[in-house]
Structure formats: C-alpha cells, structure tokens
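Below you'll find a set of structures to go through.
Note that chain A is present in both complexes that follow, paired respectively with chain B and with chain C.
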Partner chain A sequence: MGVFKDAEQLYQCIAGMMEICSEDQAMGGKIREAELVIRFVYSDPDSQITVDAKNPAPHGYFTVYRGENDLEPEVVMEMKADVAHRFWLGKVNLVSALTRGEMKARGPIPKIMKLLPAIKPAFAIYTRHLQNLGYQDLLA
Partner chain B sequence: MSAGGYTGKLLWVDLTAGTTGVRPLDPGYIKDYLGGSGIGAKILVDLLGSEFGRVDPFSAQNPLVFMTGPLTGSGLPATGRLSACSKSPLTGIYGESSVGGSLGAALKYAGLDGIVITGAAARPSYLKINPREALLLPAENLWGLDTYQTCDLLMAEVAEERGLKAAACIGPAGENLVPFASVAVNKGHFLGRTGIGAVMGAKKLKGLVVSGRTAPPSADEAAVSLLKKSITAGMKENIVLQSLHVYGTNSALDLALFSGDVPIRNWALGEWNEGIAKINGPSFDAVLTGRKTCFACPVVCKREVEVTEGPFRTGRGPGPEYETVASFGTMCLIDSVEALCKLNETCNRLGMDTITAGATAAFLLEAAENGLLPDTPPGFSFGNAPAVLEMVKEAAYRRGGGSLLAAGSREAARRVGPAAKAFLTTVKGLEAPMHDPRAGHGMGLAYATGYRGACHMSDLTMGIEQGSSLFPGLELPDCYEGQSSLGKAAMVAAAQDLGSILGGAAIFCLLGVTGYSEADIVGALQAVTGEDHTLESLLEQGRRIWYLKRVLNNLCGVSREDDQLPPRLLQPLDTGGAAGSVPDMELMLSEYYVLRDLSPRGLPGVETLRKLGLGFAVPWLYPD
Partner chain C sequence: MSDYWQFYLPTRIIAGPGTLQDLPEHILASEHRRVFLITDRVLRQNGIVDKVVSVLKGVEMAGIFDEVTPDSEVALVEKAARLAGETGADYLLAVGGGSCIDTAKAVNLVLSRGGNLRDYEGFGQINTPLGPMAAIPTTAGTGSEVTQYALILDKQNHYKITFLSPYLAPALAILDPELTISMPPGLTAATGMDALGHAVESFVSTSTGPLARGLATEACELIFRNLPRAVAAGDDLAARLAMLLASNLAGIAFSNALVGCAHALAHALGALREVPHGVAVGLMLPHSIRFNSRQEPDPYRELTCRLFGSTAGGEMLADMITRLLQECNLPYRLSQLGLAEDDLPAVAGSASVDGAMYTNPRLADAEDLLVILQSAY
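Here is the complex of A and B:
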C-alpha cells in the first residue's frame, strides 16, 4: 500500500494544502496569473485534483476540485500518489522524475515552467499542513 | 579507414613557415580515440611528447588542434560539433573546448576532419578553406575588430561560394592574450572555456572561414535516415528538450530553484528568489526576437534577443545562456535582463568566456567588499551592473580596473594577496561553472578530477546525478540522491569515461544527447561509420582518452593536491535547496583513486596505462 490509505486521505493532505495555497496572496496570485486549468491524476489510490486558475474561489485566487469533474484541463500531470507526496515534501528530483516517467506532463511547457517558481513555497506549507492534521507518520 | 564518418584528411598549417598542406588522418587514431578531442589530445602527445609539460601556452611550440567527430555533418540531431585542444593559458594544463553551430559540419563538407595548427605567424593572418585549397591570408584589416564585425567580413569572403559556410574568429581579448579569450563561431556559438582564443591570439591567427559542398558519406545512409526520424520524434516528447526549446538553457534556472544547483553571490548565499524571478527563463521573453539552432539540430535552443532602449541597449544577437545568466546574474546579484544581455553581448563581441569573466567579476566584487581592492571605484559592488560592465570592457584590453579581471580569478587572487584566496572558486585554475556541488556531491568529485579543471561538460556526471540522462548499460544505481557522497566515485568514473566519448570524441551536444537512448548512440555510430561499435568498446575508448588527458596534466605537474575543491565550494549554506549540505571529498576521492588506479601522487598506474595502450607515457611519468 502507498502512503495514503485512500483517496479521502490524499484529498485531505494534498488538496487541503492546495486550498491553503489558494488563499496565499503571493503564491495564489502568481498561479492565478497563469489562468490555467491543471489536472493532477494520481494512482494508488486512484484520485484526481483539478486546479482552476481561470475561475477563482470565493476566498481564494484559484479553485481546487476534488475528484472527477467536467473541466477541460490545459495541463495534465500524472503520477503515483506516493510521488506526489514526496514531491510536495521537496524530496523528488523533478528532472529525474520527468525523465524516468515517474511524472508525466502534458500541456504547454512555457506555462508549466512559469509556475515552477510560484509553487516553491508550497513545500513548507505542505509540511505544516500535515503536522496540523496530525500526520507525523507521513513526514518520516 | 571507416566506410563513413570521416574524410580521412587533416589540414596541417605551419604558421611560422606560412604553409598549409593536407595529410591523411591516421586510422590508428580513429581506432583508439574515435575523433574530436580524443584524437586532438593524441595529436598534442605525438607532437610534443613529454615536452607538453614545459611548453609555454603562448609560444609557437604550443599546437592548436580543431577536430570534428565521426557524426559531425551527418545530419543526426545534436551532433554538429567541433572540439579545439591546446595547452591552456588560463590553467597551464591541458585545455579544450567544444562548439556547436556549423563550423564542424562545414569542415566536413570541405573534405576535412580537422585542422592542426603549429607555429606562430609574424603578422595577423586568417585561414580561408574550401574543398580546393587552404589559403593563409593577411588579416591586418581585421585585427582590432570585434568578433561580430570579423565574422561578417570573413563570411563576406565566401559570399560567392555555394554550400555550407562558417566563420570562426577571436576578438580584442584574444589579440591581447586575455587567458580566457574565446573563439566566436558565426556570432552565436563559442569555444568558450580554457582560453583557446588567447592561443589563437598568440599565434596571430585572427580567424578562419570555411566553405564546403559535399556532405560526408555515411556507411548506411538508410539507417541514418531512420535514426534521424525516430530521434527527432522522441526529442519532441522529451520535456527537458522541450524546456530547452522554449526557454533555452536558462530554463535550468527555474529547475535549480528546487535543487539548489545555482550558485549565488560568489557561492556564499543559498537563496535569492526575488532576483532569480526577474532573470529566469520566462523573464527573457521581454527581449526575445527569434530562435536559432546548431547544424541539423531540431531542439532549436538558441535564443536571439535585442534590447532596444536604455543604458543596456544591444544589437539583435545571441541571448545569454544559463551559464552566462548565472555567472553575471546570480553570482554578481545583477537582476536586470537588459544588463545581462549587454554583458553577454560585450563578452561575445570582445571574445571572452562568460563563465570565467562573470566568476572573476564576482570574486573581485567580494574582494572589494572586504577591502582588498583599494583602487576599485566606489560603486564597484554586488548588483551594480554598470560597474561590472565597465570592468568587463576594460578587461579585453587589459587596461585600468579591467586588468585584474583579465588575469582570471586564480592569478588575480595571487596578485591581490593571500586573504583573497578564500573567495576563489577555481579547480586547477578554471572557475567552476554554475552548478553547485553542495546540491550534487558527484559534481564536486567531477570538478576536482576533471581534466580541464572544474567543468560540467567534459563528463556526464550532471545529467546522471540530476536524472536527466539514463544509461542503464553503465550498470549504475537507478537514481542518485544529489546531496549524498555515497556511491558517487563509481558514478563519476563511469560518467567521465562515457563523457570522454560523447562530449569529447563523438561529439554530441551533452544537452541534446538526452534525446538519445544508449541503443541510439551506438546505432548512430555504427550507421555512420560502418564500424562495429558497442557500449563497451566506446567506454574503453573513453577511458583511454580520459587517462591520456590525465597524463598530459600530470606532465604539467598535476597531482592529488590539485584534485580538490576550493574552500568556498565546501562552505555549508544556511538556506536554499542545498542548505547544510557539503560533499565528503575525502571519502569520494579515496574511493575514486582506487577505482582509477591513481597513485598517492595522482599518477595513473603503470599496468593501467599499458592495458589501455598508453605505455608510451610510462617513462614520462615514472622516469626512475
């Protein structure tokens, strides 16, 4: 079994972190500027999260959807849930993961590249979020 | 001679006598050293023997070899390269540099595998080469001109010729023997590192212009064509190469944010996020005017830029690569796209390596900050682009405040005094490129033991350690943790052996080669040459080449004392992706010395030399 026991726990951790980011002015603002719809498709557990930076949430700079929906994403990132977890902990070599196919990216490269500097602060937010949820075991 | 891949001819130029002549390429060179800087280094050995250690890089006795590889001109992606080899005036050891563009392919189209230049001309000269003749012509009218002006005039010389054409030349820095002077190829590509341009300047060789019309034959044209199609298709799916296409090599700056790979403030700072955000790949879109590529390469990673107004106005020309953006940008804390374009254009036109120029500027900025340079102007401080630009301009003419920068950082530190050594970032006299060994410990070992000093292009360590290059045939672990020194000695030794072939001899672009699988690489060499290459045979050639260059460096006095990183690169950072991480050099070097069969003095073992066919060097290294 992977790091997350089920999709619900994954949503709580990763989608929850993204929702916190959506309210962060510096980070959320930069992601909003990209005006992208990005879908993260995970396996083990099968799940997906869609970030809609075209239509902001009432209290955020973008909207985070848990599970399947009808939005048409411009960027799709596919990976195992464990890879996603390690990525947000800052423990995944992005180049290596993309080269080895551990992460697959489809969509406009320029727009994906522009997001990289914006998401860096999310690493620290993810760690704090897991701590707040009491998931110390996931930080090991 | 192979069925394809080589013309079998070398142009020999004796500048002292003013003569040129074509001689056959020794088939033994191809068998043992494949091409490029492998053959180039062997020619240096054959010309100088053990005297290589004593020859003055600026003397007429120092040969200069330009060599193509077997794939150059084949039309396969990422293979249109050429190497230049000589004794380096910057480091005082073996020096080499390689370049893309179309010079290598044009040489092949002119019927030549390479050029061996000996002696020194009495007056400024240039070479005009076509399939019919090679002329040594006076260049007094070109002397003093910058590289862009000179390239234009040289290309005008062959305006009437049909086919593939290319020009290469030095600028004022090369003429004035700045030891890190570069050679410009068609105004957009550079033999940058180790001062090949200064060697040309000492020989009073301003440049060369080549034209040719006949593509070199491949042994199996159909197989080459199939490979070209499949590799090109694969490259379009490769996200690393797609990033290169979109943002050029400067896309590395965004990725480095995560790994801590980019050095900041002369390697003393771990983060500069607000500055990097202003000079990363997308930031240069504001000045982007077009894209260019090297011969037959579908990646198209060269960016053309123009700054149309303000104090840093430039002409339309090649944009700064990642190494330049980091050398002057993150290293000197210059966060202006326009200023970086101007610094890039200035170094290009004057003919100076941007890595050594930027790294030396950063070194001097820190020395000045610490009160070690009382004569520098008051404004000479980190982030002051106009002051750095002024110093760079003066360096090419070795005048004023630029005379210290013109020396390169090792010599500048010697002149400034012992306290300045703490700010040095050189290995064997070559300034480290913009990849931090604290983020990738293997890079630390590769820098320490690299045959031209601290270098990221003479081996494949960076790609393997960072994960962008996959070579399962090397039988290395699937992936590496960058900030660990465990297992890195074996990785670096293998990466050097393969890099000596792929980056030095074959000669691939080490970025573009990420679009090749191992089978593609072997298949390309087989299809072009008709020879029965295997990964094992290539690794053996690469190992031979690496030891040959080590021998040349041993002759120059290189020992284990020189296989070290400077203290600055071993100083832990407080913040950033590599915070707290320091390579364990003692561990890696101990393992590496055993794997490489190097003596405590850093000399290759006798049996190893003999096994690789380098027994001729035994009496040179072990005279007793």
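Here is the complex of A and C:
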C-alpha cells in the first residue's frame, strides 16, 4: 500500500496544502500569472486534482478541484500518489522524475518549469499542513 | 552521483571509415525497404546525399526531403511527415547534423502515430515502438543519432519543444568519418565543443551514474586529443572518427544523465540572441564549471583525476577548456559575440527556468546565472 490510505486522505493532504497556497500572495500571485489549468492524475489511490489559475473563484489566486471534472487542462501530470507526496516534501527532482518516467506529463512543460521556483515555499507548507492534520507518520 | 540511476541504449552503432557501405544490409535486414531520406540543402548540394543514395542497392528510395533548417520547427516536421506518408515510406533515414536527425525523429513519431506533433508534447507520451529509423551524422557534436530526445522549435510560442522517449532513438547509427571531412573548421570546432559540454555536464549531473561517467570520460579524452586536429586538418580521418565517437559517447551519456548550467545558458543565448548552440556551450562551459566547482566537494575533481591525473578539479578543467577554445579559434567572451551587457539579465532569467538547471550539480538562481554571464562577458 502507498502512503495515503485512500483518496480522501490524499485530498486532505495535497489538495488541502494547495488550498493554503492559493491564498498566499507571493506564491499564488505567480501561479495566477501563468493562467494555467493543470490536472494531476494520481494512482494508488486513484484520484485527481485540478488547479485552475485561468478562471479562479473569487477567493484565492487559483482554485483547487478535487476529483473528476470537465475542465480542459493545458497540462496533465500523471504519477503515483507516493511520488506526489515525496515531491511536495521537496524530495523529488522534477526533471529526473520526468526523464525516468516516474512522472508523465502532457503539454507545454516549460510552463511548469517556470513555476518551480515559485512553488518552493509549498514544500514547507506541506510539511506543516501534515503536522497540523496529525499525520506525523507520513513525515517519517 | 544519486543513489539511483538508469541506463538505456536502444541504438545499434556502427563506426569506422567506409561503414556507410553497410547501410543497405541493415535496412534490408529490418524487413523494410521503402526509404525516405531527411536532410538539408547544403548536404544535397555538396554531394553527401548523393553519396549516401549511391550505396543504397536493393533499397527503394521513396523520397528525399531536403528542407530541414538549423532550427527545425513544427510545421516543417508535419510537412515532411505528410510527404513521407504519401510516398508509402516505411523506413526513415536521417543524414545531417542534429537538426536533421531531430526532425527525422519527430517525423517518425507523426508518421507512426498520426495526429499532430504537438499532441505528443510532454514526458512519457510515447510508450510503444515507432517505425524503424537510421541516422547518419555529418557533424560531430549533438549525439542525436543515439539520444532519446528530439528538440523542435515552436515558432508561435518561441521555445523548443522537447520530445523525450527511448522509442525516439534511432535503431541504427552509422558513424562514417568520410562524411564529416567536408565540415568547415568553424562548425567542426563549435559542434565539438557541444559534445564536450555533453560529456562534462553529464559527468557531474545530479542524475549521473557509473556508465554515463565512463562514457563521458572517454569522450572528454577523445575531444581534448582530437578536436584541434580535426579543426586544423579537416581530412584527418582518424581525428574525424575520434570526434564522431566522442560525440556519440557523450550523446549516450547525456541521453541518460542529462546536462547542466552551460546548456541552460546556451539554450537561452540561442533563443534570445541566436548564438549557435555549440559556440554558446563552449563559451559558457569554463564559467559554469568555475561556478559549480566553488563548493565542497568540487564535483570535477574525479574528472580531472581521470583525465589529467590531478585532483585540481574545476579551476584546472575550466582553464583547459578555455585553452581549447582559443586553439580552435572559438569566441571565449560573450562580448566577442556582439552581445550588449544589458542583454544579460534576460538571458539569466530565461536560463534559470531551463530544464537543464535541474540536474546541475549546484543550485543556481537567476542572480547566480547573471554573475556567471558577467564573468563570461
């Protein structure tokens, strides 16, 4: 079994962290400027999160959708949920993961690369968020 | 070196003077016979294409596409794929430098799969074998004849789309030095420095591994010994073959281990100021090495040990490369390229988000890269 016991826990952790980021002016602002709709498709557990920085809801710089939806993403990233977890802990080199096939990506990759420096603060936010949720075991 | 690495090489490599003659045998052995040749006008005019076609006995020539430009772009690939499809070709043959070979790889993708080239943009989008393809390099630098990459310019959005898949690598590469002797000294020098960049950067990349390091070391040795000879005497077949091998070995190394900072800067210089890739890589290499070596441990120490029996590391390697640039009459300062100092911040910004930065052995942001560029100005 992977890190997350079910999709619900994954949403709580990863989508929850993204929602916190969506209200962060420095990070959210830069992601908003990219005007990108990006979908993360996870396996084990099967789940998906779509980030809409093109037409965000009135609150926040972008909107985070849990589960399937009709949005048309410009970029789709596919990976095991465990890879996503390690990525948000700051432990995965995106380019290496893409070239090794641990992550698959469809669409204009440079737009994602451009966002990487901006999302660095999210790694610390993710760790804090897991601690606040009482998931210390996931940080081990 | 990371604690995890992979290595993959799907290409049969045949090297040596006159090995072009082996081409038809290998095409026929693949049970395909309708060949579509992809090349550029220069090679069509200087007789190289004729030389290749003349050896293709028993093979049907379905067509020749000679419109490849130095920066091949999406529309050109789709045009070539359409023409190849109309001729009923079932085997692609690339004859030329990196742009010709990358074009043929992308044509192979569209021809084998259909649709538009952009449908396959991304990583991990090509997961089953494509049609057979052979590559015959006429420059010695990109290593494209063995890499799993194809870089194609997206003119609308001003960037090069990277296509990456083991299935893009040609099934066959023929390294025949007789096809590179007509390459002029300037192009010989610049493409050779590109190969050196692949070798040095893959040796210290965060994704490197023992196989990549072995190949990169051998490539560096061959280049230091043979590039000045190949530049000075174009008809020196031994030096030409050594450079083709070096480019090939470095190509296998970086196809697996990726590159770093000098390539990120070269990509930006190419995109913003049209500096030829090899010229830019060569020029940025010593400065990138100096920057990366200012940390403990110096990532180049192992390489200078293997190459020169010295633990001097980055400073020494950078000096050796600067000397090589001068010996090959290549520019070694950005000011020699007519760049204004005001151009540098934009170059640094663009390079800082280049994919090659993520396997560089030292973290560098746009400010660090600007300092590197200023040191090279």
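By definition in this document, the second predicted complex is superposed on the first by the 140 of 140 C-alpha atoms of A that agree within 3 Å, B and C clash if a C-alpha of one lies under 4 Å from a C-alpha of the other, contacts with A are read in each partner's own complex, and residues count from 1 in each chain.
Following the convention adopted for this analysis, a residue touches a chain if its C-beta (ideal position, glycine included) is under 8 Å from a C-beta of that chain, and two chains touch if they have at least 3 such contacts.
What you see is a predicted model; the values in this text were computed from it and never measured.
Colleague: Which partner does A:120 contact after superposing on A: first (chain B), second (chain C), both, neither?
Modeller: Only chain B is touched by A:120; chain C is not.
Colleague: Quick check on the superposed pair: does A:96 touch chain B, chain C, both, or neither? Answer first, second, both or neither.
Modeller: Both partners, chain B and chain C.
Colleague: Check whether chain B or chain C contacts more residues of chain A in the superposed model.
Modeller: C
Colleague: In the superposed arrangement, does A:138 touch chain B (first), chain C (second), both or neither?
Modeller: neither
Colleague: Look at A:105 in the shared chain and tell me whether it touches chain B only, chain C only, both, or neither; answer first, second, both or neither.
Modeller: Touch partners of A:105: chain B and chain C.
Colleague: With both complexes overlaid on chain A, does A:78 touch chain B (first), chain C (second), both or neither?
Modeller: Only chain C is touched by A:78; chain B is not.
Colleague: Determine where on chain A the residues touched by chain B overlap those touched by chain C, and list them.
Modeller: Touching chain B in the first complex and chain C in the second, residues 93-96, 98-100, 105, 109-110, 113-114, 116-117 of chain A appear in both lists.
Colleague: Within the complex, which stretch of chain C touches chain A?
Modeller: For this pair, the touching residues of chain C are 2, 6, 121-125, 157, 159, 161-162, 164, 206-207, 258, 352-355, 358-359, 365.
Colleague: Which residues of chain B touch chain A in their complex?
Modeller: Touching chain A from chain B are residues 239-240, 242-243, 245-247, 251, 254-255, 257-259, 273, 276-277, 280-282, 466-470, 478-479, 482, 514.
Colleague: Tell me, which parts of chain A touch chain C in their complex?
Modeller: Counting only chain A, the residues touching chain C are 75-76, 78, 93-96, 98-101, 103-110, 113-114, 116-117.
Colleague: What part of chain A is in contact with chain B in the complex they form?
Modeller: Chain A reaches chain B through residues 90, 93-100, 105, 109-110, 113-114, 116-117, 120.
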